[in-house]
Each structure stands twice: as C-alpha cells, then as structure tokens.
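Since the structure comes first, as structure tokens, the remarks are kept for the end.
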Amino acid sequence: MSLAFIHISILCFLLVTVLAIVRMRDLLAVVMLLSIYSLLSACFFVVMDAVDVAFTEAAVGIGISTLLLLSTLALTKRFERPHRTEPVLALFLVLTTGALLVYGTLQMPPFGSASAPAHQHVAAYYIEQSFLDTGIANMVTSVLASYRGYDTLGELMVIFTAGIGVLALLELKTDTKVSRKTEIPAPMAAHHILRIVSKMLIPFILMFALYVQFHGDFGPGGGFQAGVIFSSAIVLYTMVFGLDAALKVISFAWLRFFAALGGLVFGATGVLALVSGKNFLDYHALAEDPIRAQHLGVLLVEVGVGITVAAVIILVFMSFTRQMAENGKA
Amino acid sequence: MNSQLPILLVIVPLLAAPLCLFIKKPTLVWLFASIVSVLALLFSLIILSQVWETGELVYSLGGWQAPIGIEYRIDLLNAYLSVIVAALACICLLAAYKSIGEEIKKGKQTLFYVTFLLCLAGMLGVVVTGDVFNLFVFMEIAALSSYVLIAMGKNRKALIASLTYLLVGTLGATFILIGIGLVYMLTGSLNMQDLSVLLLSAPQSNTLFTAFTFFFVGTCLKLALFPLHWWLPNAYTYAPSIVSVFLAATATKIAIYILLRVIFSLFGSEFSYHTLPLQNILMTLGLAGILVCSVIAIFQQDLKQIFAYSSVAQVAYMMLALGMNNISGLMATLLHLFNHALMKGALFLALACIMYRLKSVQLSDIAGLGWQMPWTMAAIVIAGFSLIGLPLTVGFISKWYMLLASFENAWQPIALVILFGSLLAAVYIWRIVEKAYFSPLTTNNQHIKEAPLALLVPTWLLVLANLYFGIDTRFSLSISLHTAQMLLGVAP
Amino acid sequence: MNILESFNYWIVMALMMCGLYIMIAQGNLIKKIVGLTIFQTSVFIFYISMAKVTGATAPIIKEGLELYSNPLPHVLILTAIVVGISTTALALALVIRIRQAYGTIEEDEIRAKDRLE
Amino acid sequence: MTYLSDISSLQLLVILPVFACLAMACTRKLKNACELMSIGTGLVLVLVTCQLWHNFSLANQVKVEWIELIPGLTLSLSLTPLGLLFALAASTLWLTTALYAIGYLRALQEHSQTRFYQFFALAMTAVMGIAFADNLLTLYVFYELLTLTTFPLVVHSGKETAVRGGRVYFAFLLFTSVLFFLLAIVGTWFIGGSLDFTPGGLLNRPIMNTGALSAASLLLPLFVLGIGKAAVFPFYQWLPAAMVAPTPVSALLHAVAVVKGGVFTLLKVCLYIFGTDVLVELPSQQFMLYLAGFSILFASFMALQQDNLKKRLAYSTISQLGYISMGALLANGSAILGASMHLVVHAFGKITLFFCAGAILVATNKTLISDMTGLGRQMPFTMVAFFIGSLTIIGLPPAAGLWSKWYLLQGAMTAEQWLLILVLAFSSILNIFYLLPIPIRAFFSPAAAITVKPPVNRVPTSMVLSIAFSSTVCLVLFFLPESLFQLAQAILIRSGQ
C-alpha cells in the first residue's frame, strides 16, 4: 500500500503542477514547471517499473525540451499577454472528452492486475521467451531493438525528419558562415569556475554516454538515451564557450552527415539481412549463432540510433542558438 | 526478390531520404528522388498485380512472426492505396523540377526533396503496415514531413498554417495513440489481423466504445471531416504548389484509409454500424460538409482556397458514401479515393502552372488567361467537369455509385443533395471559366506565355487519366468492387 | 474494491484534459505547445500505468524473479516520447520563424495582422 | 447501292464532325478552308443519312456497342425510325445552315470564324449521338455534350450581354440535366435494372409485375423537368436568353438541334422507357399534360408581347415544343405520329423564319418587328418565305404544319382530353396573331410607302439559297407527305402499337 501511496501522491503533485501551468502567465515559470512535471512523471515511471522510460523522460523532458523551450523564449518574449475571453467552447470540448475517457475507464481491466488481457497475449511471450530468443536481459531493449526494431527505425526517421525540418526552417538569412566572434552570445565564457568545471565534466559525460550506449543490453539505457547524453556534453560546451568554439569542434555539414549516417547504419543493418535472403532487419543473417547474431544486430542498431539522435539534437540546438546570433546582429 | 517487395516499397524511399544529403547538386537530388519514386510506383504496381492474382501478401519484419513482431499484410485495399500514393508522388516529382526550382531557393531544394521522400515513405508505410503502432509511427513521419513541406511556402501565412496543422495533426495522432492504448488494454495485441479477431470476441464494454471514439475522432481530425476541417484550407493554400498537389491528392486519402481499417478491419462493421450510430454521424457530417464547404468555396477569391474547400467537400462526399453502409456506397468511397486524387491532382497542378507564370493564383489575376495559357486553362476546365461529375469523366463514375447507394437505402432526398452539391461545384468552376475566358485581358497579363512543358506534361497526364478512367473503368471498378466485398465480408 | 483501480486512471485523464485545455484555449503559441507536451506526456503516463503489474519488478531478467511488469508499453512509449520531442522541436522552430515574420506569438494578434493584408 | 455498311455509316455520322473539327483546327491558316470543310461534312452527312434511310427496314437490327462504362451500362448506338427521322431533319438543315452561315458570317465580318465552325461541327456530333443513342446513358452523354458544345456558340460575340445570356443558357440546361435528368436516369436504372431503349417500354414489365406505379409516376415529372432542352414550362428561360447568339446558331440550334434534341429525348423516354401502356396508367401523366398545355399557352402569350423578332420566334418555339411534348405524353398512336411529324415540320418552318430574321438583320440591321412595316417592298422574297414559314407553324394549308397538327388533335381526341383540344385550337389562333401580322404589315401597310429605305447591303446568295430551300421543303411536305408519314408509321410499329 505504501507504494500505492507514493504513486498516488506523485500523481497529485503532477495535477497541481499542471493546474499551476494553466494559470501561469510567466512563460519562463511555465517552462520551469513543465520540467518539474517531466521530473515527476519520470519518478512515476520509476515507481511503475518503467526504468528505461523514466531514463528517457528525464533526459528528454527535463533536458532537451526545457532547453529548446528556453532558447525559444530567449528568441520570443517572456510574458504571455492576458486575454479577456473565457473560452467556453474549449472548456466544453475538453469536458466532453474527459467524460468520455472516464466513461471508458469504468469497465477497464483493474489497475495492476496480472490477469488483465494486456499482460497475457504478446507480453507474456516476451517475458518468457525474449531472453531465450535474444540473450538480452533487458526485455525493453530486446523488444525495442529486435522484436519491434522496425518501429525504432521509424522513430529514428521521425527524429531525422525533425532535424531536417528545423534545418529547413531556421536557415540563416545571410548565407555567410557563422564566424562573428562578437555576436555569438557566450556570456558564461567569462566565468572561470564554470569553464574549468565544465571542461572537467565533459569527458565524464561522454564516457557515461558510451557506457549507456553499450550497457543497454543488461540495464536501462540504449542508443537513444546515450545519444541524448552525448549531445548534452556538446550542448554544455556550446553554452559555455559559445557557438563558434562549438562549430570548430563540429560543423553543421558534419552534423547533417552524422544525422543521415545513423539512419543509414540502421537501414544497412536491415538491408544486410535482405541481401542474404532473410527478411528486413532479421539479425539472424549476421551470424550463425542466433544469440550472437541478435546481440550484434541490436548493437549496430543502437549505435545507429545513438549517432542520429546525438547529431539531430545538437543540430537543433545549434540552429536555435544561431538564430539568437542573428537576432543579436539585427 | 519478389517476396521482399512489400518492404522495398517502403524502405527504398525511406533510406533514399538520408542518402540525398550526400548529393551536392539539387538537380541530381531531384533526379535521384524521381528515380526512387518511379521505383516505388513500380513496386506498388507489381504488388497490386500479385495481390490481385494470389490474394494478400504477408511479410513479417525481423523474421518475427506476428503478433510477436511487426508484419506487413497487404490486401487489395493496401495495394490500391499504395498505387495511388506512389503514382501521385511520381507526377509531383516530375513537375517539381520547374515548379520547385521557381518557388524554393537553391539552398533549400535538397532539403525539400529529402522531406518529400520522407513524406512519401511515411504514407506508404502507413498504407502497407499491419500493425497499429507501426501505423502510428509512420503516420508521424508523414505528418512531420508534411508540416515542414507546408512551412516552405513563400507567404508568411504558410508558417501559421503549418503550425496549426501541426497542432491539430499531433492532437489527432495522440487521440489515435489513446485509441491504440485502449485497444491494447483490451486485447493485449497490436497486430491488426489479431485485433480483428480478438475485438470481435471481446465483450461489449465502455472501453471498447471509448477506444472506437478516439480512433474515429483522431482520424476525422486528420481527414478534415467537416467541423474539424478548419486547418486544411490554409495548409493547402500557402504551401508550395507541388506540395499542395501532393497533399491534396494523397494526405486525406491516407486518413480515410485508416478510418476504413478502423471501421471494417479492427472493430468490424457490425459493431461500427449497429452498436454505434456511425451511420447517422457520417450522414449528417457528410451532408453538412458537402453543402457548407461547397458554398464557402464559391465565395473564395484565391483559386487554391477554392479547391481546398472543394477538397473538404469531396471528403465529405466520401464520408457520406461510407455512411450508406452498403456495397455501392463503399465502392463509391473507394472509387472516389482514386478519382478525387486524379481530379485534385490535375487541378492543383494546373494552378502550379499558373503560379509559375503569374506568381499568383488570385481569381482577379487570371482575367483573360484562357487565350494566353490555353492548355493550362483547358486542363482546369476538363478537371473541373470531372469534379462536377459530367459523364465520360471519373467524377461521373463515383457520383453514379453514390446515387445508386442512396437509392438502395431508399434515400432519394440524399441523392438530390449529392447532385445539388455537384451543381455548387459547377458554380465555382464556372466563376473561374468565365474569368479566364470572358473577361478582358489585363495589361500585365499581355506578355504571359503558356506554362513550360515540364509542368504541362504532368498536368495533362492527370487530365487524360481523368478522361481515360472515366471511360475505361475496368481497373478502378473491379478493384473497388472486390475491396468493398472484402471489407464488408460479402462473398464475391 | 481497490480505489486505485480507477483513481489512478482518473488523475491521468485529468492531466490529459488540462493539457488539452491549455492547447485549445490559450492564445500564446508557446503555451499551446506546452499544452501539447503535457497532453502527450499524460498519455505516456496512461500507457505506463497500464503496464504495471502489482508486486512485479522492472522487466529486466534476474534470477529468482518471475513476475515482471509488461515491457511492451514501455517500448511503445519510448518511441512515442521520441516522436513527441521531435514534434515539439519542429513546433518551436516554427514559432521562432513566426515571431520573426509577425513580431508576435499571440494567436489573435497574428490573425489581426493577417486580416490587415 | 451501298458503299458503307449500315453499322459503319452509323458510326461515321457521329464521328465525322469531330474529325471535321480537328481538320479545321489544323487548317486554320488556309482561307475558306473551314467553310468548304463544313459544307463538305454537311453533304456527306446528308448522303449517309439518306443512304441509311434508303436501305432502312424494320427487319434488320443495326446496333453497335462502343464500350462498357459501368457493368450493364454501355455507350452504344442503334438505328431506330425515330432517330432516323430526327437525323434526316438535322443533317439536312445542318447543311442548309452551314451554307447560310457562310454568307451571314462574311456579311457581318464575325470574328474567329474558325472556332465558330469547329463548335458548329461538334454540336452536330452531339445531335447525331442523341439521334442514334441506344440507351439512356449514351443519350445523356451526348445530351450534355450538346450543352457544352453549343455554349461557346451562344457566347460567340463575347460581349457582356452574350456572356450573361450564355450564363442563363448554361445554368438552366446544366441545372435541369444534372439535378433531375440524372436522378431520373438512376431511378430508372434502379427500377428497371437497365437503361436500354426497349420497344414497348423498359419499365413496362417491372412495373406491371411489382406495381411500382407510384415510383414510376415520380420518375415522369423528373424526366419532363429534367429534359430542360424541351423547354417545358418552368425551365424555358434559357431559350430566349440564347437568342444573343448569331442567327445561324439560333436557327439551327434553337429551332432545330438543341430543342428538338430535347423533345426527341422526351419522345424516346415516353416510348421506350415508360412505354405507352404504362404511361397512360401513371397518375402524374395528367399533370404533365396540363403542364405542357400551360406552357403552350403561356409561351404564345409571351410571344405576342415581344417586339424583338428573334425573341418572338423563340417564344413561339417554346409553345411549339409544348405541342410535341404533349403529343409524346398523350402516348397514343396518332398523338405520337403527330408529335414525330411536327418534330420535322416545325424544324423546317421555324428555321425558315429564323433565316428570314437573319436576312433582315444583314440587309437592314433591323431586329424589332415594329421597324419592319413595309419591308415587303424592299425584300419581297424574304417576306414571302417568312409567310410560308408562318403558315407552317400555324398549321394552315398549303404548308405541312397542317398534317402534324391534325394528328395531334386526333390524338387528343382519342385520349378524350377535351381541355387540351381547346388549348391546341386556341394556341393556333394565337399563332396567327403573333406570326401573320409581320408579313402582312410588311406588304400591305399604307404607312410603308413613307418609310421606304434602300437596304443597307444585299443579302448574300448563299443565304437566299438556303431560305429558298427550307421554305420549299415546307410546301413539298404538304403536298407529298407520304415518305415522312411512312417513317412516322414505322416508329409506331417499332414501339409495338
């Protein structure tokens, strides 16, 4: 019951946060609350045994989306203009939808019951067989990368699309290369402590990223989380030392290249199976011993995911920062 | 090789997209993309013929048997849709060379083609997959890429349109996601084939009802069924011309396909039509949509707006026919999927021609162009006739089946409304014709020349298709008949 | 009858509805996007709570454990989160462009400017 | 003597004008090319039709299927006496009008003549298609085609008035055909399970079996209103509106091709879709008859008030069409006979009148009847022709109108429609009032001596020739109507009377 108590209270916290967001006019505060919301939901996921999801939510919700929102705020304005009309229609729509959902819950399989149909059919197979099939302890990884690997390819392509989209939308009006020392805002570069600490931190972050990348088989983690962590290192570097310095480390052209590369690595893994007469993404084509084959396949795929995710996130962040540079110039 | 076709159909464009980034010159990228789309069309045609001969194809990805893994399960409906999408993509890319070269600046053209291929891959992925969650993922690929494509429009309104579309589209997708969740909760499976069996045996529960409703509302948001259509007109209007062509011809069709799957494959027509009042809902919304949107279209000044609203009206037609819940009605829907793609493709391509020469598609600006750009305007006229539903065009065939369906249900008044709707279409086509042919040539249109062949050829390909498939209807009729029988579970 | 059985879901529904409300009702584009994020996240929460089996542990094979929570929804949500963040990134990029084009990110002001044209 | 098999000549009649149109497009550079071509086409059409007539016999079925649009719905042509009758009249008059048009267009220096001739030819395709359509769908296709091809001719001048007139023309015809005609066709398909024109009536058996009389009697009004080209009462405005067109167009299309296409369709529907046995059973038949009667009287009264000659002729056309529709709806032997004869006779009479109107316009730029007093002295020939035409329309000897009206009256009597008999009689008197005064005042007006002016320019020979031809035919058909009569008889035999 204590566990139940914990997760109920988390849910209540979530509700409070959201209600606060509804009322709040200060967008900065809204963003902060949103990251708190993500943090809480991450905790909730942990309570619900979804460690991988929690990990990802933490990385994405608290890290990336907050970062992006903040930089957008920096480019737009902080306070929302209060509007007079109370939207009755919206309220009505929302309430009807809610009512519908609640109506739906009335005959749902009870929460947490092991006998619910959701846990019988396919899930049961995964729990019993996945280790024997793939030799991967972390079922989430095995399902993600092997059983439903194709979904992951799709997911990767979604990120890729987003990256391309951001690139297409936020291009420079002046097509000259970004190398204007003064305009690029790197105010933190002045703080010695920050510089030293971040310089010390970055290698560890990168190492941790690699650990997460390759440890996915045994514990929570995997290509996506690793990619996010990896990118966070670069992001930190950019924030502290400014865009120019970061661009010296890795240029847009390279980022584009890597973004494409990751997807292609994933694709190539699948096509490898194709050329050897097996179905797309059938890792058994990679080696005789099925377990090793699965391991190898998952490894390759995860690497692909990691590369693209890292590249795209850096790409998006940098294009946002570059816009700041534009505004600073303007 | 042949056994791999289903997956090749999707991954060829999907993986071609990142490859484009390694090509320097936009022209080469265009060439590459066109080749890819032609390949896709080829695959889809072969698949269609295979399905026609041997029945549905099954392809389990990763070698994992469904429902453990994801599978592609292609029956006539999937194949039919994939052909439509791939064919339109080919035509669009053919026309893109000139039009995009004109409307999008050099630096971005490569990105455009990448996004276009992603959009194509996403749509094909949606069409062929046999797994609901996989469907969601690929739907998102298609959706995200189409937001980007729309936002590439010159006018700043394109940005707003794109964002609105993004919000609505994501809302719809999330609704569908909720639906998927509920369905999974009830059955523990994500495979459509599996679900269709399990859901039939599943007890009638609120949850089932809620699940259906979320699927339905989500798809209706995406297919712009009448009251949920507000995002569509601007999206089509301010997008680059080619994008308007592609989306107008395919995007809503994909959503309709999803709806068909949900109604007939997942929940079964028995549940949808008899347990739920789906029939009345579709009929009411359909009728309202036809009348309201046709009337709105009449009062537009921007040609793209006119045809965008007419698209909403045409979607309403399909929903109306779907609401008839008989073979002829379903056939009409399926026929119109194809026919409407042809009409709207031709019309928006013609607009692309005008855009290329005039840099505008305002009704007031095309005065007297009938004699300056004879071929383009003739294309608009013929495709317009098809939209009205005059005989010997594809429009007539689908109209005919809609009328038949309403007679079979003894709903003659509705038949009257359908015909009245096509008269409204006649009115807005007529405004264009009169402007183009019977109003004096404005001074700044004096020097306007006919559009380049690179644009005219694809336009007229579609126009001729409008006539050809209106006269020789064996292809579309036989396929839609068999598909309808399959969906309704009637023995052929 | 355990109150948790539905209470859990009801809060999730409430979260969803708040997100939806923010998205529909609020005029500020960033706020809308925040609403969208909340809406999606609450759907994730819904999925994850669906996967929970009382007394089970995280779906990572260990000796001596046989009751695991359902891994499949976790996988789906991993994917969904990624899709979500991609959408958000794209939306924010659009917002930035809109701000540059219109000088505002308030819906009604933008509409007013469009009407002026 | 046959050079072509009937099948091929049937198709030739429909296809040839299209080729003529294309050929004109190719040779638009050459001077007079398209005049020659249209004359040539006209000649060929007439010859081929005559040949068809010559070796026509009820025994042999001439039928050709082109393509199956929808399972059970084919585009197909076949030769029926009624169709042959219509085709004969149409092709002859088309040739005459083509001749007339040359003179007319040249005299008035009309612009873009090539386009004119092209659409003129295409319209002929549509007419032939209507004449030989083997089922309702084919007929509908050509019916719409006729609307589309004649529209450019109506708005030929491109002036604001022309465009407005054209709008009314197109709107009415499209509106009726799409909203009612198509609906009726679907209904027929639904009840009858086919759309083929079957002797004795397609709906005859299903209705007699299932007793779906009420449904069928709903169909009849749909057909009568839907066939807007027949200009039955509520939907007649398009015909006066179409008078903005050049006179040859008004002459051929709005005295012959389009309107006759309409009533022809109505006849076809009554004979071969409903069948006379069913038609008389229908509750709605009576209403439709009265509607026709009303439009006869109404149009006659309207005609009386018109001062513009072409407008007056247009309204007279409407009332005459009423006769034919009435005959078709009466659905007994002599009524059908009268209707089908009137189809031809009225065509010749009315075209003569229009030709004269055009001649007057060319010669004196006069369009108003009030200005035409004393015109007889300047252009006696034209006025004599006009007189003959008027006699034909009214139905007085020595003009052929007598026969058709006689049979119509007889039909009305056999059906014991006393009210309609009164209508017929009264409207004939009205005809006298609105037609005869024109030639009479032209010749015998005392005031005329003062207002005599020399014609602005002389009437071209081609126009004179065609006027002479059409008016003589009116007389000839009076003195030896056998051939016409036999063909009309054949219709009855074919439709199982």
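Things worth noting here:
The chains carry the letters A, B, C and D, assigned in the order they are written, with residues numbered from 1 in each.
In this section, a contact is a pair of C-beta atoms (placed from the backbone, for glycine too) under 8 Å apart; a residue touches a chain by one contact, two chains touch by 3 or more.
Source: prediction; values computed, not measured.
Remark: among chain pairs A-B and B-C, A-B carries the greater number of C-beta contacts.
Of all chains shown, B has the CA centroid lying nearest to the centroid of every protein CA atom.
One simple way to say how far apart two chains are is to compare their mean CA positions; for chain C and chain D this gives 70 Å.
Between the CA-based centres of chain A and chain B the separation comes to 32 Å, rounded to the whole angstrom.
Rounded to a whole number, the gap between the C-alpha centres of chain A and chain D is 76 angstrom. Chain B and chain C, compared by their mean Cα positions, are separated by 28 Å.
Those residues of chain B in touch with two or more other chains are numbered 133, 137, 140, 144, 147-148, 151, 178, 184-185, 190.
Multi-chain contact residues, meaning those touching two or more other chains, occur in chain A at positions 101, 105-106, 108, 118-119, 122-123, 126, 148, 151, 154-155, 158, 161-162, 165, 169. Contact of a single residue of chain D with at least two other chains is seen at no position. Chain contacts here follow an irregular pattern that is not a line, a ring, a star or a complete set.
Checking each pair of chains for touch leaves A-B, A-C, B-C, B-D. Those residues of chain D that touch chain B in the complex are listed here as 67, 69-71, 137, 140-141, 144, 148, 155, 158, 163, 167, 170, 174-175, 178-179, 182-183, 186-187, 189-190. Taken together, the chain B residues at the contact with chain C in this complex read 133, 137, 140, 144, 147-148, 151, 156-157, 159-160, 162-163, 166-167, 170-171, 174, 177-178, 181, 184-185, 190.
Partner chain A is touched in their complex by these residues of chain B: 4, 7, 11, 14-15, 17-19, 21-22, 59-64, 67-70, 107-108, 111-112, 114-115, 118, 121-122, 125, 133-134, 137-138, 140-141, 144-145, 147-148, 151-152, 178, 182, 184-190, 194, 198, 205-207, 209-211, 213-214.
For chain C in complex with chain B, the residues that touch the partner chain are 20, 23, 29, 32-33, 36, 39-40, 43, 46-47, 50, 72-73, 76, 79-80, 83, 86-87, 90-91, 94-95, 97-98, 101-102, 110, 114.
Note for the complex: chain A touches chain C at residues 4, 7-8, 11-12, 14-15, 18-19, 21-22, 27, 30-31, 34, 37-38, 41, 44-45, 48-53, 56-57, 60-61, 64-65, 68-69, 72-73, 75-77, 80-81, 83, 87, 90-91, 93-95, 97-98, 101-102, 105-106, 108, 110-114, 118-119, 122-123, 126-127, 130-131, 137-140, 143-144, 148, 151-152, 154-155, 158-159, 161-162, 165-166, 169-170, 218-220, 224, 309, 316, 319-320, 323.
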